[in-house]
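All chains are identified by letter, namely A, B, C, D and E, in their written order; residue positions are counted from 1 within each chain.
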Amino acid sequence: MRIGVFICHCGSNIAATVDVKKVAEAAWGMNDVVYSTDSMYTCSEPGQQAIEEAIREHKLHGVVVASCSPRMHEPTFRRTVERAGLNRYMFEMANIREHVSWIGRDKALNTLKATELVRMAVEKLRLNRVLTPKKIPATRKVLVIGGGVAGIQASLDCADAGLEVVLVEREPSIGGKMSKLDKTFPTVDCSSCILGPRMVDVAQHERITLYAYSEIDSVSGYVGNFEVNIRKKASYVDWEKCTGCGACTEKCPSRKTFDRFNEGLGATTAINIPFPQAIPKKATITAGACRQFQGKKCGVCAKFCPTGAINHEQKDEIVTVKVGAIVAATGYDLTDWTVYGEYGAGRYPDVITSLQYERMLSASGPYGGHIKRPSNGEEPKSIVFIQCVGSRDPSIGRPYCSGFCCMYTAKQAIMTKDHIPDSRSYVFYMDIRSPGKGYDEFTRRAQEEYGAQYVRGRVSQVYPRGDKMVVRGADTLLGLPVEVEADLVVLAVGGEASRDAPKLAEKLRISYDGFGFFMEGHPKLKPVETNTAGVFLAGSCQGLKDIPSSVSQGSAAAAKVMALLSRDMLESDPQTALVDIKRCIGCSKCVKVCPFGAIREQDLRGQIKAEVLEAVCQGCGLCNATCPQGAIQLSHATDNQILAEVEALLCQM
Amino acid sequence: MPELALKPAFNPSTPNPYLPQVATVLEVIQETHNIRSFRVRLDDEQAWASFSFEPGQLGQLSLFGVGEATFVINSPPTCKAYLQFSVMRAGEVTTALHGLQAGDKIGLRAPLGNSFPYNDLKGKNVIFIGGGIGMAPMRTLLLYMLDNRRDYGDISLLYGARTPQDLSFAYDRADWLGREDMRTVLTIDAPAEGWEHKVGLIPNVLTEMAPSPENAVAVTCGPPIMIKFTLQALGKLGFKPEQILTTLEKRMKCGIGICGRCNIGEKYVCIDGPVFTYAQLQTMVNEL
Amino acid sequence: MEASSKFIARTALAGWLGELSARFRVWAPRREGRAVLYRPFDPQAPEDNLPELDKKPTESAKHIIFPRSEPLINFRRKRDPEHPGQFLLDLRVPEAPGPSLIFGLPPCDARGFMVFDPVYNGSGTDGQARDIYYLRRRAAALLIVRSCSRTLSTCFCNWVGGAPDSAEGADILASEAEDGFLLEPVSSEGAAALDSGLLVPADENRLKAAQAARDEAKKTLKPAPDISGAGKALLERFEDAAFWKGEAAHCLSCGICTFLCPTCYCFNVTDETAGANGVRLRSWDACMTPLFTLEASGHNPRQDKAARLKNRIGHKFSYYPELHEARFACVGCGRCIKSCPSGVDIRRIVTDSVGLTQSPKPKAAPRNIPGGKE
Amino acid sequence: MATQEELKKIILDVLPDVDCVIGWGPGPEPLCASPYFMRNPEDVDYLLAGPASVHNPALFLPEYKGRKTGVVVKGCDSRSVVQLISENLIRREDVVIIGFPCAGVVDASKIAAKLGPYGEPGETERAIFDKDALNLSLGGKELSIPLSEILADKCSRCKHPGAVISDYFAGEAADALQVKDDFTDLAGLESLPLEERFRFWEKEMSRCIRCYACRNACPLCVCRDHCVASSREPHWLAQANGVRDNLMFQVIHATHLAGRCTGCGECQRACPVHIPVLLLKRSLGRAVEQLFGHHAGLDPESRPPLLTFQMEETNIKEREW
Amino acid sequence: MSDVTREPAGTGRELRLVGFLCNWCSYGGADTAGVGRFIQPTDLRIVRLPCSGRVNPLFIAKTLLYGADGVLVSGCHPRDCHYAEGNFYARRRLEVFRHLLPTLGIDPRRFEYTWVSASEGQRWQQVVSKFTEQIHSLGPAPRLPGAPELEWMQSGVNPA
């Protein structure tokens, strides 16, 4: 091998505390070095030209530049050597500025250190191999999991950009949590009025295929080439035929079915369409509530269906789609508030959740938009809101702030006053968290214009007294115990990761935190990427967030998908793990630890061997450090390369 | 008491069989995508002037820091300008050898092993059957015979590879094809655009060529599967095992019959080989 | 020669070895924990490292003449002063080591070198390469063999032409005689080494005592079966895969048997480097490991352990005798049996192959033993 | 030896369904049994399951992957089997595990220590184990050593003398014993100052002949033929037989076994020059136990602790800077 | 492969310290320290790796047994790993390995691992300074002899 070494002065940045000429002279004696020189600014145009000329003149196979941090100029010099006809990976850098000249005062020691760093780079370079990126074809189609507002936004953005979109929603209708809300803060505009049209857009978009009442069964493949099995759950209604006329729901005799959409506030029929604006507007039979399924003679719905869409024999169906990218937007669920026995939640009808309250407020809700006490249907006059139920509470394993409860409670207090002008609202809070455009002003309006009484303190107990509910707590600002007699208690329940989120994460081979929220690629710089190439995140599945943030993330994820799928062929970074098939014993330890699912088992003439999916491999080298016989090696940072660097330090010539 | 300690004497002037001679790479020829030929010459003028070998003998190429690997010298003994070795990239040493350039220094231990019985072949018809890199060990004998053409009877060559791009020695082939005094048949496994020669597996083409076993010797070398079927084909054509010559390859280290790894029963490929008749192979244990 | 036989008192032994240390690098077996190993004798503290002569050394003495790893060539790459872009090779061979003396090796260890000799000396024929590294050590080594005063149940030197008091390969034969050792010169070099004031001429009683002890020791060996047909039998067994798989079933493929063996002489050659300097090493290799014959293509003529065991036994009892005057490449020291963690018994394999096995243990007829290609 | 007879019955039952049953049979010497591969009913007569059954038959199972194989196991052997299963190196459905209540196996070093120079294998003319003693003929003398004095150290800390899992069990299966492992085997070395420990290894490793019996006797060293010890890519070790490379190999072996080693001790037993190589593995075993509460080879469903992690590690106290 | 001339000619002040740093956090942190001109001892030589998960504990064994006086590994803070999980594995493996050192007779203080982010230039300065000081207080590490034939390669002097 023929190596050229270039030592940079970086003006006086390096030369002031490193004897650059001496380093260049020492490099002449290193292994395979056939050319060595120093230059004033190696990264400057003449500096780079000098490298190119040396490569040609001295027939160099590889180049070492000792200058600043490779994090700064490695890409620059890789392009330089490439221009002169070398492979860009036949290049190494020694960082003698940030790691030497700028941090050490002793010129003799700095010079020695710089020389050794150059030797390390030379020894590593001797083992570098030409690496060529692989081209892999990509399916220009995206799967969006979750039809809440984030998923809807991502779907529409991708579809508008020309990508085919498959949207999968677990519930019979898209819309997510937002569709259950009456109004949104801080503008107090109608939730369904702003969301509804977007839902319709989804239904009508020619490039969006919607699978509602469906779940992800399995995911295989890798970036650009995922294969996803979608389980279409049996709705017992042929949706091809169902027109959403609602005749069945009117006639269904099972009228005490738990109403999921309305959070159990009221009942629905066994066959139902969750809400009037549902997309798709199709009926679904809740098997557990249907008389027919309980062996009783019924079949009323089938009798009345004008299109003959009812099919009690329907089975789950698996649909396979091929996509190039996946956006997870599975949202959140309410924290289990029934664990707060002291609040009587679940036991007292007049203690309800904030989301039930939303359904109460909604004109299309079960109460027709009237606030009533569930116990007796009377209009409540005294309403207590308790904040941080299931948030910021390490005792139930929910130490985090859900972020949106302060704001919706303020909204609900305002809405209460609007609905019942002579009502009084009390809000027990820990801290008011209202960063955001117009948010803090909004909470102030609740207090100042709408007279909501904010009490700083924890509620210790809620119990009935007569037909009222007594709310007992402490006002920590005044240091006094407080007791309020309330007609209705609304628990501002926080959120948690959607049920089964970890299971989905495992299918997608993405990581999730201790609470089940999906892990973003980097907390700051990769908020919508995951560490699995081709899988992106949007909305609350990544961490609880309000509507505008969810929508932004939906768009951001869409932008990432568009960037990824803007070409037909993806180019993979060749600094990936490589399996020596002859030495692999198929123990699959690498498969177990790979954070990206980039290694799979392959059957090679009856023997199990590891196989790296180059497109998926991110080049972390964890597998390399795991493989006991070193049969899997990270290209460009192989064991031998690292050992060569170490040995360059431990053996002086 | 009889003298029982018959320990070997040591003569300090005994040459060190492990010490390679330093040689310079004169030229590197890219034969196929994974085969390169190296032409080398000893640095020591005196040693070079007295260097001689017989066709079929081995040389150990040394890359210091990596190791040694054994190849048949495939230039003819009549060539006094260089020794040629053809190297297929497979393991650590061959990969490193492929990194050599003209002017680089290497170590050479040669000649080692036995050789083709080129004297016994005199007056005989000889057919060479080579597959892929297997052409290399035979090339030395073929070129030697062509240089001493009058000593031999008919000479024919069947040389095949998977594709046209896998055929080495383009610089020889033109000459071989053009010669009046030898018959040259080239073949590839499957049809390819622009290919003007035979298409088909070597044993099949051989059967088609139907060389007569009368006063003939077949020399064959190539991948194990090809050898297996070529031997069958030769048998059908009436060649006796004594009329078939081949070369063997084994993992070798010392090249002088000591280190103990290239044995097949009591035979050591590095000293008793690499050239064996098929008849010899049949008497050896079955451990290829 | 008997006239020149000498006697050394046990108490004078250290002194004599110290004296010899002036002329030789003296090696002698020394006990380290449970192991007995050949170690350099320290003339500075002779009493502290008295040779262990009662227990058979755990290892053979071969590493003294044939080190576990030894440098063949030192190489350096230097820049060509005339062509700065070119390198020159500087090759050096280590100098010959000085003479050595091995004291107290059992007869089988000395006979082991007799197996090495023809191989490393180019079979004694002209034109064959000779291994100078081995030969120069071997020629400069003096072997003082001690006859065995007792034998182990693993010993079988009598099967392969040896005896507990064999002087073959020795320069001096030492035999226990009452309070010391009878020292009988076997070679002229041996005789020269007996020229010391610490030695006294051997008297008749001691000669008799030594002979009696030797005869006693011989009696402790079980009679040897006739294995002269082993070479042929092994070749006939070559294709009997089931036989070999059965024999090899419990083998671990480790290097104990080959590394402890006084006759196993195979080696590997590898290069090690540090910067522009490097060394070509010759190190012991074991034919029981698959890497021994693994070719770059991935092909391995001895893929499974059965094939490797077959080659090892075949080499010792068939191939080697075929090449070297019918001498077995085995001296019956029994170390491979004694130290095998898995109880592989070379005697058993040989008698099985010849059909002489006496033991009642049935030979399991292997159906389908794994370990490689079927 | 009623257990042994019961074992034979079980093996005879199992034999028709398996390729072979691996157990112990007579070895070349009275003191050592040998791994034994039973294929035919008449082979079973020679089964030995007792204090001389030192070998770990789990060692051979990966060779038989994909073929149904029976294996007779001591408690310690069964842990190796479990570990192999948990690492997918063998398949549970391929092995028929036959357990028996092991009363401990002997340690040849301890016998050697008792008998002095005559205590090595090959020295004894006759050796018979009865219920609690080893009776020997040696140099014409008859000796009897209580078994309790020559049992292997691992037996004194054994919690599972019966198999951890088994398909058949000869005799009464007992619950796990309440034995505490205090790692007393490490105490001697660790009572020395650091520098002396370093020199201890220097001395021990000077005996190493790099035969790799320690590796090849290890039931969990499944790389064997592809071990980094002799590979060039990666090139971790020089072939040169120096103390440093010898020790480096032991560190490699021990590190590769961290969290996987069940402490069967076969590495140390196999060593022909008696280097206490198990100590390094025991040290790592102790670390894994302290840090992750993990004991290898007890649960076929468990994952080796170094192939997983927790975001918050309870027992790792990181250094503050 | 062989013993080092550990101390540069004429200075006698340095010990041999080797650092294995992940590219994304700690190498960046060391860069940040440089940009901030946070003066550090010169002993440490840094090997740049993609991730602390790439650090096979055997690199540390190799480095310590073959002539280094101290080894420092630094990666991203837990949960901040560029590759999501590499440092979690590294933490377990390095911690376990550290427990082996006393058994080997190597002072465990010769090996430390820590987490430094790309922004923590000052922290990096502190880590390097303290670690260097720690190793200097321990002094040069005890050495094992290499194989004599390898020594010969170095020195050209014949092995005995």
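FYI, a contact is a pair of C-beta atoms (placed from the backbone, for glycine too) under 8 Å apart; a residue touches a chain by one contact, two chains touch by 3 or more.
What you see is a predicted model, and the numbers here were worked out from it, not measured in a lab.
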Interface with more contacting C-beta pairs, comparing B-C to D-E: B-C
Furthest chain, CA centroid comparison against subunit A: C
Gap in Å, rounded to a whole number, between the CA centres of subunit D and subunit C: 30
Distance from subunit C to subunit A - Cα centre to Cα centre, in angstrom: 67
Whole-Å gap between the CA centroids of subunit A and subunit D: 47
Multi-chain contact residues (two or more partners), subunit B: 92
Contacts with 2+ other chains: residues of subunit A: 2, 59, 582, 593, 626, 639, 643, 647, 651-652
Per-residue multi-chain contacts in subunit C, two or more chains: 69, 77, 86, 268, 270, 272-274, 277-278, 281
Contacting residues of subunit D [partner subunit A, same complex]: 87-89, 222-223, 226-228, 231, 233-236, 256, 303, 307-308, 311-312
Complex contact set, residues of subunit E against subunit A: 1-2, 4-5, 8, 10-11, 13-14, 16, 18, 23, 27-28, 30-31, 33-35, 37-42, 45-51, 53-56, 59, 62-63, 66-68, 79-80, 82-86, 89-90, 93, 125, 154
Touching residues on subunit A, where the partner in the complex is subunit D: 513-514, 580, 582-585, 587-589, 592-593, 626, 628-631, 633, 638-640, 643
Residues on subunit C engaged by subunit B in the complex (per definition of touch): 1-2, 72-73, 75, 77, 86-89, 91, 93, 96, 113-114, 117, 119-121, 124, 128-133, 135-136, 138-141, 143, 167-171, 184, 186-190, 235, 238-239, 265-271, 273, 278, 280, 282, 285, 287, 292-297, 299, 301-302, 307, 311, 314-315, 318-320, 322-323
Complex contacts: residues of subunit A adjacent to subunit E: 69-72, 95, 97-100, 102-106, 108-110, 112-113, 116-117, 120, 511, 519, 521-523, 531, 575, 593, 595-596, 618-622, 624-626, 634, 637, 639, 642-643, 645-647, 649-652
